[in-house]
Structures are given as structure tokens and as C-alpha cells.
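One chain, subunit A, links the two complexes that follow: it is found with subunit B in the first and with subunit C in the second.
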Partner chain A sequence: MTPPLLRGPVRVAVALAVVLALWQAVHLAAIVPERYFPGIPAVLAAFGDMIASGDLLSGWALTFSRATIGLIAASLLGIGLAILSDLSPVFGRGFRYISDVLQPIPPAAFVPMAVFSLGLGTKLYAFVVILVTVWPPYLNGSAALEAVSPVQVATGRMLGCGRWTLLWRIKLPSAMPEIFAGIRYAATISLVAVVVSEMLSGSNGIGFMIYKKAFALRTADVFALMFVVGLNGVLMNGLVSLLRRGVVGWHQKMMERQE
Partner chain B sequence: MNESRRIALLGLLVPGAVLVLWQVVAFAKSSPLFPGPIEVTQAIIRNWHEIVSNLGVTLMRAAAGFALATVIMVPLGIFLGRVRWLGEAVSPVIDLVATLPPPAIVPLVMLFAGTGDAAKIVIITYAAGMPLIMNTYEASHTIHPMFSRVARSLHLTRFETMLLIDLPSSLPMIATGARLAVASSLLVSITSEMLLATNGIGVYLQRSQENFQIGSGLAGIAFISAVGIVINALAYRIEQKLLFWHYRR
Partner chain C sequence: MTDILTARNVAKDFGGTGGTLSIIDGLNLAVKKGEFVSLVGPSGCGKTTLLLCLAGLQSLTRGEITFKGVPVMEPPQGLAVVFQDYSRSLLPWNTNLDNILFGMRRVAGDARAKRDRAAELLEAVGLGGFGGHYPWQVSGGMQQRVAIARGLASESELLLLDEPLAAVDAQTRADMQDLFLDLARKFNQTCLLVTHDVEEAVYMAQRVLVLGPRPTKVVREVTIELPRERDQLETREDPAFLAARHEVLSLIRSMRTRKAA
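After this line comes the complex of A and B, so read on.
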């Protein structure tokens, strides 16, 4: 197989340049009315204006911190539940019924039902984000804890590890790479959940801003905000990767050596 | 076998305990805004027809969006995988676009297509299309070189190679993408209704909230969950049936 021509950041930069060039071409060709499809300079100007007024930064900070805190809480909860499921197979099986029932429900559906009990503030975001974000770390974690090789477990027992030491020193470390794969997937979900909640019943944050601007037909602003949403995803992924390198760096090094 | 059945039965105690706890809290609060499982069950019976007809609309749109996404994205993904230079150029663009969650494009689509069926189907197509094209492209461009050589020695044209070699050998990964796409088209169908209200189960949920009928709303959510479980299980079954040759290996 031929290796890819471009790698990593260069690839992304080239892709971005291509998209922007195409965009500007469509704009200049005036296929779509200016009002619906502003050029890149107009979008940049809108971006600049929103930064200058401070709206963008404060909205972004709210959205991003909601998503991050939700993700951290959901990951810890997911890992905790995975450990519980490992300790008690009955709980694990029972909790699977609950996860099967809750998983197909979109975050947007929870928002209107929870508004009255939880209000429009932090509690609502925490509830919605955790309820939809907890599954990937939990499911990956419980599957990985179950799949720990019996040889490793037996070795631990032979070395005199008790139940908890076995869990802490052997099972959890070997499940961590899988758990991080789940957290990475969960990161995207948590951002989506926050943006949707803000759109539906927020009074601030990026999601609320996009919705407001769209109804005001401020198209350039909408495009600029969509760009911010995309960037948020990239940023979140970067953070999770960084954390993963810190926690399971040994695993990545081992995989590279095997290749 | 017996042991696992025992665990499965004992496991039912966990959701049972949650339901009991929920009912106790609801009883203690005794507020119409915090209904318990009994009220929700009553609401399911009461609103059966309304929920089913709304859910039907939602599912129709989800199916249309999913079908459209499959028809567009699978051939496109195979084409990009076979025509190497084009794939190299386009795939980072796909990666870039994929960072945009479907709800974020809702306001944009609204500007072009309004709030009707067309707008919602476009959003669902986008949501279902992303996993489909990513998996199809990934599968068809990492195809084993031997297959390409076989195609060449049989003097297949490029189109025949795509149809007879690339498509079948990419099917297992396309199926994985399709399963993700099925789940997300249902999710996004509901979300798009809540953001661009006209009809469907998403609108039903919001109307329940506006009328302070939280029990009815939760009944709707219960339906969504049940339908989601059935559809996802069905998608899995169909995949196993169609790809029996892959799983038998």
C-alpha cells in the first residue's frame, strides 16, 4: 500500500484551505444569494466582531466548560459503574437492561422533560450530559474488565493480591486503553448534548447564540459559530489524547514497538 | 447456561429497584411535574394513538434520510477509495466536516430549506451519511492489493472493479457504518423535529412540556426507547444474515 501523501497537521491545513477556496468560489459565482452564503471575509469579520464584543469568548467558555465538566463526571461515573459491574455480575447484567433502555434516547428528548424538575441552569446540563455521555466509558470499561486475560489475573493471585489490589493494580490498568477509547467517543457526544440543550432551552452558550443568530438571519455569524463548534470538537479530542498519553502512554509505546 | 439465566433473572432486580425508588420519590414529591412509573404507564395507555402516529412520521423521515445517505455515500466512498488521488484530497475534508455535529447544521439548513420535511431529511442524511462514507472509504481504500491484481488479470473495467470487487469486500465495514447510521438517523430525526417544529414525536414531546404533561412526555420517551431497541436489534440481525459469509470465516 502506498503511504498517504500528506500527514497530520499539514493534511488538515490543506483540507481547510481547499474548503475555504471552494467556499469563496461558490460565493463569488453567486449561485446562492449573498444573504444565505456570505464570503469568507464577511464570516471572518463576523468572527472578529463577536470576539471584540466579548460575546464569543464568554459563550465559548460556558459551552466548553459545561461539556468538559460533564465529560469528566460521566467518565468517572462510567468507570465506577464498570467496576461495580465487574465486582457483581448480577449488578452488571441488571445495569445492562437500564443502559439498553436509555441509550436509544436522544439528549434533546430529555431536555423538555427535565426542565421543570431541574430548572434551566447547571443541574439541567449536568443531568442531560451525564445521561447521554456515561455509556461509552461504561460499556467499554465493563467489556474490557471482563476481557482481562486470565493469565494476568492468575499471576496477580499468585503474587498474593487481594480482590481490591487485583482490581487496582492489574485489571484497571489493562482496561484503561479501552476506557479511553470510550471517553474519546463520549467527548463528541457531550459537546453535542451541551449545544443541543443550549439550543432548546438555554439562555447562553454557543448553541443558544447559533439559534438566536439563525432566527435573526445573521448568516455570517451563524457560519462563524459553526466553525467554533467544529473547533471545539478538535480541541476536546486533543485534550483527551493528551490525558490518554499521560495515563496509558505505556500501552501506546508497547503497541508501537510491536509494529 | 443455567447460571447465566439465573444472573439474567436476578439482574432484573436492578431496574426493578430503580423503578421502585422512582415511584417512592414521585410519591413523596406528589407533583404532576415529577410523575412516577405508574402515571407514565397510564399516560402510555391514554396517549397510545397520538404517540404512534407521531412516531410514524418521525420514523418515515428517518428512513428517508437513511436511504438517501446510503444511496449517495456508499458509491461515493467506493469511488473515492478506488480513485486514489481524489480520495487523498477529499478524505481530510470529510474528517473536517465530520467534526460538525448534526444539530449544529440545523440553523444553516433552516436558512436554505425552511422547516419542512426537506430540511429535516437533509439533516438526517448528513448525520447518517458521515459514518457511512467514512467506513466505506476506509474499507475500500485499504482493500487487499491481491484483489486489485485479480481484477486487473480478469480485465475488469474500473466500474466493474468497483461493483464486483470493492463493494462486496467493503460490505462488512459498510455494515458497521450502517448500524451507526441507523441509530443516528433515529436520534437526529427526533432532534431535528424539536428544533424545527412541525410534527413528529419530537414535537409531541415539546407540546407535552408546554402543557405541563410530563407523564405524557415520558410516555413518548418510553416509546422512543422501545422503537430504538427494536430497530437497532433488527439492523444487527439483518447484518448478520446478509454477511453470514463474513462471520462464518
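After this line comes the complex of A and C, so read on.
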């Protein structure tokens, strides 16, 4: 049993305090020149200033909504492609080669090319974010659809399920826990892709702000913004977990039971 | 009485890289309406493949299977399979009640009537209070009861039982055997039980069909000369039970030694 003092919010607070203390120690020891590594109070002050001016909130809203919309679109597309691969093994095998080639390309590498053909705007974000975020839901989904238990499929057929009912009532629910594991992973990728795109070709959003502040050597601002990106990831994971509990809560309870 | 299920000259090959593998060849059988028939055979003889073919879940290489006089191409309505692997056969994302309702998807009737019927069936298999539970929240024996209720819910006339009790413990197995016999009578089910347990095969059935080694076919039919009413103690001590058990066991043993030699 974990002692009650080390549970939940207390644990988070302790971990955070340790990190902040280390940070401040490095700052005070002046291992890195102070202008490149500001102390916690300076970062907090920068954070407060950006909140007060309204810049942070508007930048955050843009970045977070881009990442969220991108994640939703990429997840739906990934699930759709996984279903297509399941219905047509020929498509599945062929598409696997394409995904193998596209998957290792980092989001930053797509941006320059996309700027020329799609311009600087929503289309660029949509293209880059979806192209790097689609893989975990797709790969997890197609593997899980392939791995559906033959007994489950036989049960469905025995009860008269056709191809579509089998997909909807047996295969997809069975694959959903794996698909959600993929979406959770994709959430972080989506956020990274949005921030990188904003840095390279954006005119607003957290990524753009980081780039601008970095060139102005406003390091305290840059660190404050980096924290915001990190917290975005936590928020996004929280939202995915909420959705996951709603859709595949049965699986989590079943797993807890088997432990 | 009429035959509800027949197999005529059935053969099943599996194509592999090293040529074809013949699992079933020249198999004939007939099950009459209302009968309880057991299928036994040496291990690995293709019992489960045969059952999947009979259920329309696997295609035949040669021959014909009919259910109620109609050739079986796809799983027909009125035929339900109870699988050995109940934990996979029941859908873990549905509650026990919803699993039974899923069994009724080809049955006519409004949602309300179906719910009532599903609740009745849960009661009939002794799981009255467990409709809201998930299958993985109840024991193995209870899961198999849900699977039976689901079969009955599909308005089955013929139950194909694929080693349904192989995975439950011995005490539960005896109770479940009696439950099967009881339900078969109450719901007018014809039953074909595939099992590797010869005592179970004899205890449950009016007829035991013995399958030969691969490629398998029915090599002997043993009629069980016991009253329809069975009892775990009395029946198993009855000379007719012991004689049938002896006949089937010695036949299977002779097939094993012949194979080893």
C-alpha cells in the first residue's frame, strides 16, 4: 500500500516541487548563463505578463483548437483506413507500404513543401497535422481488427451477422481499446505537429510566439510558453481519457479485475 | 420422427503449403428431432471442424449437410452453437442481458417483448439477478449459462455443443450436465454434443456416435439403453451405462493403439 500522503494530488505537487527546486538550483548555480536560463520567479512573471496582455490566451486557444481538430480528423481518418484495410486485404497490404514510408517523416519536413502548394493557412495545418497524426490510430486499428478472436467472429456469423453488422457489432467494439491507445499516443503527436508548423510558417499560436520570443532573446517568455505546451499535452490526454472511459470503460474495468 | 440434421458423404480438406490435408472423408450422420446425440472420437480427429461444418461456419469440400431438409450454406436460423471458449464467445463490452438480446437479432418482435424474453431466459438458466453484470464479472460456469440462454434466445431448435464444459471445474460440470438435459427438454431442443469425455457423452445422450481417426467419419453408433431421466449417481452406476462406456472407451483405445503401432 502506498502511504496516503503520496497519493493523487499530493504526489503531483511533490513531483512538481522537486522539478522546480532543481530548476532554481541550476539557475542559482549559474551553470548556464543567466540570460539563457532564467529563474522560476522570472518565468512566472513572464507568464503573468502574457496572461495579462491577453496574448497567451488567444495563442493558446489557436494552438489547442488546431491540435484538437487535427486529432479528431486524423483519428476518424485512421479508423476509416483501418476499416478499409480490413474489408479489402489488397488495399491493406498496399497501403502498408505507403504508411511505412510516410510514417517516419517528421512534421517539420512536410512544412516547406506544404507552404508552396497549400499556402500559409488552415489547409497547411490540416495537411501537416493529419499526415503525421493519422498513423497510431490507423496502425493500432488495423492490427486490432486483424486480431479479433475467431470465436467472436464465429459467434456473430452464427447469429446471422453479415459483413457490416459483423464490423459494427463485433470487430470495431473489439478493436476499440487498441484504437484508443493509438489516439492517446496521437494526441501528443498532433500537438507537436501544430507547434512545429506554427514555428516554421505560422503567424500566430504558441509555436509562433515561441519562435518570435526566442529571436528577441526573451528566454523567460520562451520557457513560460514551453510550459504551456507541456500543460496542453496533459489537458489533451485528460480529454482523451475522459472519452476513452465513456467508449471503452468496460475494457478498463475488465483489465483492473484481471490484475 | 424426421431428421433435423443430416450429413451425407461429407469431406473437408484443408489446403496447405505442403499439399492438402484431409480432415473429414465420407462422413454420414443423421440426428432426429428431439434427440440428444453425442459425438466422441480420439483427440485431434477433427471433431471441432465437423461441428463448424455442421453449423455452416465452414464450407465443405464434398458432400451435403441439411438442416430441416434445406442444404446448409450459411449458419441457418434455428441452429445455435455453444462454444467451448465462452469467455470469447460472449461479447465482453455487452452485459449478460445485452448478450442475450444480441442472440435475438434475427427474432421478430418489439424491443420491450425481447427484453422480457431475455430476462425470462436468464431466470431459466438460474441467473435472474445477473442481467446487468458483464460476462467477465461472473464465474466460468455462469458465463456458459449466459451463452446457453443466448442460444435459446435465438429461437434455436438444434443446439450444437462444442465441448461446452471442458473449461469448467468438475463439480460445476455435473450441475451443468443436468442443466443442459433439463433445458433441452423444457425448450424442445435437439442437441448434438461434441465432447472428449466419454462418460459425459454416455450420460447425456440417447445415442453416441464414435468418430474414427483422421480423415474422420462415423465408425460406430452406440444406442444408450437408459431411461430418458438421468441422475448423476444412479445413472452412472447402471449396468447399461457401464456397458456403453466400456464399448465406446475400448473402441477409442483400439484406435489409439493402432495409430501408435
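The definition used in the following text is that the second predicted complex is superposed on the first by the 247 of 259 C-alpha atoms of A that agree within 3 Å, B and C clash if a C-alpha of one lies under 4 Å from a C-alpha of the other, contacts with A are read in each partner's own complex, and residues count from 1 in each chain.
In this section, a residue touches a chain if its C-beta (ideal position, glycine included) is under 8 Å from a C-beta of that chain, and two chains touch if they have at least 3 such contacts.
Please read all numbers here as calculations on a predicted model, not as lab measurements.
**Q** Between subunit B (first) and subunit C (second), which, if any, makes contact with A:Leu159: first, second, both or neither?
**A** Only subunit C is touched by A:Leu159; subunit B is not.
**Q** Can A:Leu57 be said to touch subunit B (first), subunit C (second), both, or neither?
**A** neither
**Q** Go through the superposed model and pick first if A:Ala17 touches only subunit B, second if only subunit C, both, or neither.
**A** After superposition on chain A, A:Ala17 lies in contact with neither partner.
**Q** Taking the superposition on A as described, I'd like to know which of subunit B and subunit C A:Leu242 touches: first, second, both or neither.
**A** neither
**Q** What is the contact status of A:Ala216 with respect to subunit B (first) and subunit C (second): first, second, both, or neither?
**A** It touches nothing on subunit B or subunit C.
**Q** Would you check which partner chain A:Pro173 touches, where first means subunit B only, second means subunit C only, and both and neither mean what they say?
**A** second
**Q** According to the stated criteria, A:Trp250 is in contact with first (subunit B), second (subunit C), both, or neither; which is it?
**A** second
**Q** See if subunit A has more residues touched by subunit B or by subunit C, and give me that chain.
**A** Residues of subunit A touched, subunit B against subunit C: more for B.
**Q** Mind sorting out which residues of subunit A both subunit B and subunit C touch, each in its own complex?
**A** None.
**Q** So in the complex, which bits of subunit C are touching subunit A?
**A** Checking each residue of subunit C against subunit A gives 52, 55, 57, 74-75, 77, 79-81, 83, 85, 88-89, 91-93, 102-103, 105-106, 134, 136-137, 154.
**Q** Please name which positions on subunit A make contact with subunit B in the complex.
**A** Counting only subunit A, the residues touching subunit B are 1-2, 4-6, 11-12, 14-16, 18-19, 32, 36, 89-98, 100-113, 115-117, 188, 191-192, 195-196, 199-200, 207, 210-211, 213-214, 217, 219, 222-223, 226, 229-231, 233-234.
**Q** Which part of subunit A faces subunit C closely enough to touch in the complex?
**A** Contact set of subunit A toward subunit C: 149, 151-152, 154-155, 157-161, 165, 169-170, 173-174, 176, 248, 250-251, 253-254, 257-258.
**Q** Tell me, which parts of subunit B touch subunit A in their complex?
**A** So the residues of subunit B in touch with subunit A come to 7-8, 10-15, 18, 33-34, 84, 88-89, 92-93, 95-96, 99-108, 110-112, 142, 145, 183, 186-188, 190-191, 194-195, 202, 205-206, 208-209, 212, 214, 217-218, 220-221, 224-225, 227-229, 231-232.
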